Amino acid sequence: MTAEGSPLMDWEREARMGLPEAVYAEGKTAAQLVAILEQARLRERPLLLTRLSAERLAQLPAPLQALLDHDPLSCTAIFGTPPVLAEKAEIAVVAAGLADMPVVGEAVRTLAFCGVPAQVIADVGVAGLWRLMARLEEIRAARVVIAVAGMEGALFSVLAGLVAAPIIAVPTSVGRGVATGGHVALHSALASCAPGLVAVNIDNGFGAAQAALRIARQQGRVPEPR
Amino acid sequence: MTAEGSPLMDWEREARMGLPEAVYAEGKTAAQLVAILEQARLRERPLLLTRLSAERLAQLPAPLQALLDHDPLSCTAIFGTPPVLAEKAEIAVVAAGLADMPVVGEAVRTLAFCGVPAQVIADVGVAGLWRLMARLEEIRAARVVIAVAGMEGALFSVLAGLVAAPIIAVPTSVGRGVATGGHVALHSALASCAPGLVAVNIDNGFGAAQAALRIARQQGRVPEPR
Amino acid sequence: MTAEGSPLMDWEREARMGLPEAVYAEGKTAAQLVAILEQARLRERPLLLTRLSAERLAQLPAPLQALLDHDPLSCTAIFGTPPVLAEKAEIAVVAAGLADMPVVGEAVRTLAFCGVPAQVIADVGVAGLWRLMARLEEIRAARVVIAVAGMEGALFSVLAGLVAAPIIAVPTSVGRGVATGGHVALHSALASCAPGLVAVNIDNGFGAAQAALRIARQQGRVPEPR
Amino acid sequence: MTAEGSPLMDWEREARMGLPEAVYAEGKTAAQLVAILEQARLRERPLLLTRLSAERLAQLPAPLQALLDHDPLSCTAIFGTPPVLAEKAEIAVVAAGLADMPVVGEAVRTLAFCGVPAQVIADVGVAGLWRLMARLEEIRAARVVIAVAGMEGALFSVLAGLVAAPIIAVPTSVGRGVATGGHVALHSALASCAPGLVAVNIDNGFGAAQAALRIARQQGRVPEPR
Amino acid sequence: MTAEGSPLMDWEREARMGLPEAVYAEGKTAAQLVAILEQARLRERPLLLTRLSAERLAQLPAPLQALLDHDPLSCTAIFGTPPVLAEKAEIAVVAAGLADMPVVGEAVRTLAFCGVPAQVIADVGVAGLWRLMARLEEIRAARVVIAVAGMEGALFSVLAGLVAAPIIAVPTSVGRGVATGGHVALHSALASCAPGLVAVNIDNGFGAAQAALRIARQQGRVPEPR
Amino acid sequence: MTAEGSPLMDWEREARMGLPEAVYAEGKTAAQLVAILEQARLRERPLLLTRLSAERLAQLPAPLQALLDHDPLSCTAIFGTPPVLAEKAEIAVVAAGLADMPVVGEAVRTLAFCGVPAQVIADVGVAGLWRLMARLEEIRAARVVIAVAGMEGALFSVLAGLVAAPIIAVPTSVGRGVATGGHVALHSALASCAPGLVAVNIDNGFGAAQAALRIARQQGRVPEPR
Amino acid sequence: MTAEGSPLMDWEREARMGLPEAVYAEGKTAAQLVAILEQARLRERPLLLTRLSAERLAQLPAPLQALLDHDPLSCTAIFGTPPVLAEKAEIAVVAAGLADMPVVGEAVRTLAFCGVPAQVIADVGVAGLWRLMARLEEIRAARVVIAVAGMEGALFSVLAGLVAAPIIAVPTSVGRGVATGGHVALHSALASCAPGLVAVNIDNGFGAAQAALRIARQQGRVPEPR
Amino acid sequence: MTAEGSPLMDWEREARMGLPEAVYAEGKTAAQLVAILEQARLRERPLLLTRLSAERLAQLPAPLQALLDHDPLSCTAIFGTPPVLAEKAEIAVVAAGLADMPVVGEAVRTLAFCGVPAQVIADVGVAGLWRLMARLEEIRAARVVIAVAGMEGALFSVLAGLVAAPIIAVPTSVGRGVATGGHVALHSALASCAPGLVAVNIDNGFGAAQAALRIARQQGRVPEPR
């Protein structure tokens, strides 16, 4: 073993579960990331990296950087060539405010990495309810809805009372005072008076996308694992 | 001093602040409550008692019990004769669920004790948004709105985005799991994305009514202090 | 309005969302429950009641009690005649320990109320991993998996790493010391290293079943709303 | 949609609620802020921005910066021309310590943006009670009182026991140790032994001002919405 | 060892520290309490028991009960004959509300057990500040002040800004919602803007009395240890 | 499956890990406990039950009760015949106060169920340090030390600085105010300035005994698994 | 009022309470600090500033910096000439580890500002109990003891069981994991099994010194207020 | 005393307990570290420093830096010459993810400082259970297992159900949202359904190694203290 440990990737995950292995970059050293990407290259596998900040990206060797399709807003990077996107977006990503867009981006990029397009409906928080109502038909057309909100997360309950599809709440760390860290939005999703709402961890756009893929894949609407 | 302490009532509060002294019965001994009521009788003052459960009431001397107008749902009791109710209700009390009714009752009874009638709009939680929308005009007609909700408290934000009047959120301890104790509803009110929402403590229907009275009295719409 | 408020049931929920209205009995008075059941009788609608303890049941009028199919372990009651169960169970409910069975029961009874049978796989906590492994094929055969666990909730992550279907984690309040209240199991589900796991509130078997119905109904495998 | 989302401003809020739309700048990208200001310019609407630090301001294009009246202490900026201030200040902003002045500033600037002047009474914490007592008549002359305090927030209760007007407590994040983050001051406001005190989120001077406007506007003392 | 363990009393504490050993009865079995009292009888030592509820007292053998001077409000009991009280009370115990009297009683009885009288000033919470002001000279005459308050504990800071003597804050568990358990009052004492305030645990009247004794004994004003 | 689920005992645990399966009775129904004991009888296996209160025991069929060696203080019961105790106690159980004895009992009874005797050293909390010092040589003679303490748990650090053997801290829920629930003692153990202290969950005497058995068995000093 | 507010110093505090006004610099702007120091200069009063980091100091005008006796370790500064130190140190400051020295420094410098010398006994944490025991006589000679410790704060209880003088615990934010922020040490002090221990806020060396002065001044051992 | 305090090292710890004194560098000033190393040099003792970041190292005098064997990943440094490593690794360090390697390094370096080699098994989190299963025999061969995991810490329970040796869980602060700070992993270890698992503080690789040494030394398999 080197001091930093050898990566032991779960390359079989895609075959086993239909969800490709991905790399949570935060907390990993540059050397560890390089070793992981090296494995991906040898196996000719595309790879998704999440929580990879621009600062972190800059610590990687320049040739590797050039191979990464990096999005600074969502801190995601795609290595290699993911599948072509399906034509019709059957997953809607609905977000309360503009400050939630990094999390929206993480979800959308994760779906795209698996060949699944998403319809984004942004800035429709409940303080001006007409904004949400104006987009309701679009949202109702989706097979799965990912709802993204910080602060008090009232969007989750309102949406879950209006839409019949599975709804995955992604609380975000947007907020101040009691809302710092996103716990209020998380708890609002969990304590919702609307039935059948489920939640993932705060800011976990990746996890919400993976859950949406689990659901969608069961429905036979997602490109088969590569 | 007796072992239990002599009550030192703030009888001047009404003259000073327009809000009558009231008694938070929880945690007081029967002997203390008797001594307080004795003072009220001597001064010929009506008195509101909150958090007085039926069990507690039963520990008081029977003649005293007979003098108390007790409501077991809200655990409030009125001693003596409060002012006649004004004719028109200009305060609306809006509640998300039936389990919130004890807190609604505490607010309504506190207002009534000061001669102020309230319009109650119950069971209009956002899981079925049409219920709230159907009553919106009634709510908008109020000069002050008291909103009562437990669980995730999404009602607060939706209401605050639709109504221009001052809105006082009363989170309730209705809920399970993460919502136990009412902290999620409280935090939802405080972290609301809708502007100008204010909150009182969990289950504090009394406090919300007092705040509504502070606002209404400024507006010259409430009977003068007795 | 009566002191306890008039119930305002969301009877249109089923038409709107494919999920029938249900009654969370905890915190409602006996009079409120009677009024609700009266509405259901008039509309000839079956109705599910959750968190209805045996003590609470006993406070209802005896004739009403006789009309309720009550299960004391899960504290659920069914009023009226729900649809006939489909033949094949496509939802698996996997539980870590016997103390989790009340929550399992709430989920299973909610599904049954909607005509959806479930396969229960109980007492397969990870302390003896062979128990889970022995049932893995049965679990993998399900279209949706509801996982129920208290204490540290390690079952959630292990399951989510082995199974491709959507997995809904229901943390339970089973546990002592730091695990009191179920927050550790909840947080374990949310912080899972396995991808695409979603969670509902602690002890919320009802909510998990509703989420499973949202997913299953999209897949066209559940009897249509009555 | 661009990666950062298109702003969907609630421009009708002012007509609907008498409170103008405002922009919470924290967490928004420079590009999002530019797009929002562009909309305001097109509609010829003044706009208030909160939580806009000097660092953030410097990331905006220089011509836009020049159009913003920015106050570095309160991190607020005003775009365009707000209404002329009324002559008489009927809202008092009372603050415990000098470290609370950024929050005081946010409240005062929000009020000014709506044409409402405020009387500021600063540095009157209860450790030296004479300071508060010396200003009591000024405070009692106000129609609405905004009280701003961090640490243990004892100012809130003392003030609410002395003043009859509506009092809105704004806890601040000023403090160390157990007071870090402002939760003690917030909880002190909520748990106050004085009646009818209401609270907004920690450091939320903007929200307190909006609540004061809801109250004042009902009283017919505030310039009509533009 | 018996199953319940043999008591190992710190009888030398009084010689070592000037503070007599005392028994925290909560959590001890009746058999353990009997064994401890037996030791006290053999050594002819008076003994103070705290947190001994009336229910618990009733589980002791009747002859032992007869030897205990039990106060049901403060749940304290004195076994044997404590020293005669000094004539002049130099310790003041100031309490915010009547619900705090059990804690006041625990402090006063602990002091009395050591021969030290106390002056009690009850029901002087800051909601009606005049009550405290009316008693200020009495309080200022004390050498040590014990302040007892629940809810938001604003009394602590006001008192500490007005009085020069050492002040020991005893937060109480009186309160609801966010104040449940007494943590807000505790944190208010610790985060006070007034200088030199110290605190003991919630409801710990015994500890406050012991601290007052440590201070007073240094001043040579307390009867020497027996 | 019955409604309550069929028990799926991990009977192979003893062969796999040297630690026998045990039953955490809390949260299990009487019917579940009966089914488990029936399995044990069929397999002729002794069985340890923890958290079995006297009230719960009384709900079991009388013949079964008669077969259980139940200890009401520690709420443990032994079914069947455990191995004979070894002669020499090499595990010391050190406890701070008498209220900790139920947890001490759970640990001692668990060890005894595995044939391992323990030396109990009770009531040696650090408030009277001489009590601990007087027993130090006995403690130092042990191969493994289980330390049991509630409140602030200072015993853990003092002991860990004086003794070279492995020390397992068992925080207990003994305490009031901030110490309610045992979290302070737990955190004291985890944050100890003394090196190499390990902790188990609050009140988990069973777990501490199992950990001690893992250590002792490695040392070849414990009777082999049955 | 300027935007930053005019300082309203409590210059009468010293006459009223024997404790001089001091300035908590954190959170105050440079302009506010300058205004305060200007007032002190005009009144010819020495002034203590706490939480004044070297970075903050550097933002003040150079001539003002030159007038401040600044200690970077404790972040305290003294303006003007405090009284000459008394000869004999009657207050002991006992600290568990070297990382606690900034807090020790804050206490010692605050005492010195009032003319009171202190005896510092550092690095005597209980992990090596002999270190404390070796200094016990020195500590017992003090009239008041300030105990400073982070992590699990076991020092507080050990000390309070060995010393008869008043003991003021100052928990520090030294520690990691569960001890982050100093809450464990604080709770250990509050939940101590040793009698009569009192606590101040985390890292509040200033407050502990002020409390010690309240005690000492009562004893007539401290130079009279200037 | 200097302002920063004189170090008082517990050099006798090794003789007393078999565990050498070590230095927790975080929070100590450079001057304090220099003084400590000077003492070590005079006594010719090797010394382990933990939590010594590269930034902190750079503040030490260059000659001292040269004498330190510093590992930037684990932030540990060794001064002087530790004992030669034993040949056979009997302690296994098992880690869930690569981000846990700094904590693994702290444990391994601490063991090495005492002459004890460890076998590291990295990146075997339960999301891909086969990775752990593939290494199970290696882990079972160890006499003591240190398990290192962040996020939900499910590895702890799975491991404790499969391995008979003593297992010490080291939760790490790796994780986001609810897992921030490592509390979920810690609580998972404490609440584990698997028997006999013990835990140390979050990120405390040093403490886990010390506990392993306490166990191993009892087993006579570790080189005697130097």
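By written order: A, B, C, D, E, F, G and H. Residues from 1 in each chain.
Convention: contacts are C-beta pairs under 8 Å (C-beta built on N, C-alpha and C of every residue); 3 or more make two chains touch, one makes a residue touch a chain.
Because the structure is a prediction, the values reported are computed rather than measured.
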{"item": "Shared interface partners, meaning chains that touch subunit B and subunit D", "value": "A, E"}
{"item": "Equivalent-chain rotation between subunit F and subunit E, CA atoms, steps of 5 degrees", "value": "90"}
{"item": "Identity of the chain that, by mean CA position, is farthest from subunit F", "value": "D"}
{"item": "Most distant chain from subunit B, judged by the mean position of its C-alpha atoms", "value": "H"}
{"item": "Separation of subunit D from subunit H, taking each centre as the mean of its C-alpha atoms, in whole Å", "value": "49"}
{"item": "Distance from the mean Cα position of subunit F to that of subunit A, given in whole angstrom", "value": "45"}
{"item": "Centre distance in Å when subunit B and subunit E are each reduced to the mean of their C-alpha atoms", "value": "35"}
{"item": "Set of subunit H residues in contact with two or more other chains", "value": "13, 97, 127-128, 161-162, 177-179, 183, 186, 190-191, 195, 201-202, 204"}
{"item": "Interchain contacts (touch definition) - all pairs", "value": "A-B, A-C, A-D, A-H, B-C, B-D, B-E, C-F, C-H, D-E, D-G, E-F, E-G, F-G, F-H, G-H"}
{"item": "Subunit A to subunit H touching residues, read off their complex", "value": "1, 3-8, 10, 12-13, 24, 26-29, 32, 51, 171, 173, 181-183, 186, 201-204"}
{"item": "Interface residues, subunit E side, partner subunit G - complex", "value": "13, 16-19, 22, 143-144, 161-168, 186, 190-191, 195-202, 206-207, 210-211, 213-215, 217-219"}
{"item": "Subunit D to subunit E touching residues, read off their complex", "value": "96-97, 125-129, 151-154, 156-158, 160-162, 175, 177-179, 183-185, 187-195"}
{"item": "Complex contact set, residues of subunit B against subunit C", "value": "71, 73-74, 95, 97-99, 101, 104-105, 120, 122-124, 127-128, 130-131, 174, 176-180"}
